[in-house]
Every structure is written in structure tokens, then in C-alpha cells.
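Just so it is clear, A, B, C and D label the chains in written order, and each chain counts residues from 1 on its own.
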């Protein structure tokens, strides 16, 4: 299988609600970037987080092994800094190998969950 | 970082329900265009709103600072005119710099929220 | 403004639940194709509906006036035939002018609504 | 009608919750890939499932008849192996004819359903 995808990906929407009715890990309000590396080489990815009113933070360094998917929760990022809750942000992924990126949010601020997803914007 | 994105973006879906069970700002039914400017220059964006049965309204003038994201609520637009509720509309963004645009709706007409999102259509 | 978009659009997902808890028009389970014509000429669109196990049905003929959006409910189609409920389908739009198409479903089978949306696949 | 689409499609997001409040087939938590073949030839599709921490599984062999849509539930896959529940996965479709692919999840872990959808990433 040829490597599928592109090397630059952007997700303008980002917002992690601090509230949630569930303490179950899978049902806590979260945003995820799903990364897929179909190639035979490890993909080294640099993630930058953009904000409305402050300097970007990053790079966060992520490795996707060959022929693997990595579903990265923005909630779990810590180095160089956690992603603040209840705050508008956006994200850009730059990879040294072609990858594919899809964005999802699970929102459990209310008693019932809501979900959304989109393939991210790509170029490169 | 190179500037990422394109200069023309379209979102055919637009509909802001007037009803909502919550008075909390984050949970009022709303539609958002999330704009990301990764470049080093300010992006000057002109937004036009299209309707089913009347002339387009605009331009709304929006500025996205360099290396910032702007999550624009259609509910908050006022100049040259507010976006009417319970009305089908569509939107087009034309920027002088490359940007990336993602569309979301949070719908709280019922007791529980529902959400949806998609990267907008781009060219240019 | 130049005309934005492309002339061929496809939406593989289609499914209109027959059930719904609401009799309010806006909250009946429905699927919508949102069409945007930013050009100065009327767009004449031919829609074909594809099924899993029978011949395609169409064309449905749709007109989008210049500089207008049309949010077309699949539930409302009748000529040459209504779209059956609880049935997998897909749709293709072919336009004589560039347009942009976005797909949404509002699902009210349960007490609370759920929504989803994506820009359709385009070429041409 | 010309055949519409591309031959390589990727969906980085994959996760089938094992929980669900409904035993009704349409409302069990599931993920679907909606495939559309507008051409006049049968499309032979090979599907590979990628994981976070193990080798990919596949190919699953799928046939989409000419001028038909196939809404494939990942829950229903069995040969060469079922897709595990509560497990991050991703999927790639390679077709010998142009097709269009859209991804959806219906999530019924809670009392009310949530849905999401996106056109998949394509090339080729």
C-alpha cells in the first residue's frame, strides 16, 4: 500500500468544555484528532495550537508508527502545556510523512452526549 | 510556518434556531464559522450572507490577526444587519490572505444539545 | 463575485427515518441538501437518487436562482417519485453552473434531536 | 452519467461503542461507510482496518454493483475478522473503479442518540 494523505493538516475548530456529566473516560467531553499513517515509515508530527488572543503554543511532538492509527485527545496534551478548557483554539499538524487527519468532538455537557466529526483541511 | 489555506470559502448550510432551553451563552443555539490564520499578516475577510428569497447582505468585515483563530458566531453579526433567526441562509468568506474555515452548529432547541461540524468548501 | 463551486456533487449517505417524536415541521426527521449559487445566472440542477437494490430514480429538476441558497429537503421531493423512508439511498447533483452543496440530517427518532453535516464530494 | 469519485479513500476515525440502550437494529451504536458507485461497472473494493497497537487486518472484499449505493456497517464485518468494539481503528478503501465514500457514526450509549458524518479523505 502506498502512503495515503498529505503533510499539512488544519482544524480551525477547537473547544473543550470543562463541564460534563460523566466521569467515565470515554464519555468525558473531549476533542480528538484521529491520525492515520498507512505508510511503512514512522510519521513524526509537529502540532501547534492557535488561540484567539495569545501566541501559539507548540510544537507538541507526536509519533505515529507505520501502518497504525493514533486517536489523539487534545485533553491529554501536556508538553509544552495543557490545552485550556472553555477556550477557543485551533490546531495545525505538520508531518514528515503523508498522513490523514479527522477531527471529532464528544460533548457531554448535558445529560446526553452529542458528537461531531469532519475530515480536516489538508495541503502539502 | 507557511500560511495555510485558501482565500475563498463557502458554507451553504445556515440556520439559527430562535428557540433554546438554555440562557447560558455557550449553550444558546448558534452557528459558528471558525477561521484560522496561520500566516504572519493580518487577514482581512469579507463575509456575504445569501438567502433563499432576498438579495445577499454584506459585506461584513472581519479581521483575523496573524497566527490567531477567530470563532465567529453568526448570532453576533450586526453590521450591516443581524442574521435573521429561523431562516435558511448560506455564507461566503473572501480573504486577502490564506485562511482555513470550519463550520459548526450547536442546537439547543430540545433539552439536550446537538452539534455538527464540517470543514467548509474552499477554492482560490 | 465570481461563481464559486463545482458542477458535480455526490452525497453517499441518505436515510430518512420514518419515526419522529415531533410534528413540528422543523423538527421532523429529515435530510437536506443545501445548495448555494453565488453566480449571476440561474443554476439548473439535475438530481439522481441511487439505491442499494433497485435502479436509480431521476432526474429531479431543481432551479437555484442567481445569488440565492436553496435548502432542499429530500422529504419534500415528489417528481418523479418520493424518496422512500427507512431506506438507504445516495444522491448526485449535476448543475449547469458552479454551485456548492452541503448535506445535513436532523434525526428526531428519540426525544432529543441529533444533527450531522458535511460538505458533499465535488468534482467537475 | 460519468463515473464519479476516486479510487482511494481513508477514514481515520473508527470506534464502535459496545454499549447501547436500544436493541432495535437501526439504533444500535454503529459506524457506517456509505459507498456510492455511479459507474456502469461493478466496483471491487478492498478494505483494510488499521489499529493503534497491532497489525492491520484485511483485506475485506466488498462489491458495489453499478449505479448502486452500499451502506456498509463496520459492525457487520466478519471476514477475515470482526471489528473489535471499544477500540480505536481507522479504515482505507481501495477500489478498482471510482467511488465516493462518506462516514457516519450513530452513538446510542446514552438514552438519546447522537450522530456524526463526514465525506472521507480521497485521492487516486
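Annotations
The rule is simple: contacts are C-beta pairs under 8 Å (C-beta built on N, C-alpha and C of every residue); 3 or more make two chains touch, one makes a residue touch a chain.
No experiment lies behind these values; they were computed from the predicted model shown.
Comparing the residue numbers each copy contributes, chain C and chain D share less than half of them at their mutual interface. Chain A and chain B carry the same sequence, and matching their CA atoms takes a turn of 90 degrees, rounded to a multiple of 5. Here the CA centre of chain B is 21 Å from the CA centre of chain C. Shared contact sites, meaning residues of chain C that touch two or more other chains, fall at 111-112, 114-119. Chain C contributes residues 112, 114, 116, 118 to its touches with chain A in the complex. The touching residues of chain D, when paired with chain A in their complex, are 8, 10-15, 17, 48, 50-53, 55-56, 86, 88-90, 92, 94, 103, 105, 107, 109-112, 114-121, 123.
Here chain D touches chain C in the complex through residues 1, 4-5, 26-27, 32, 34-36, 38, 67-71, 100-102, 104, 111-119, 122, going by the rule given at the top.
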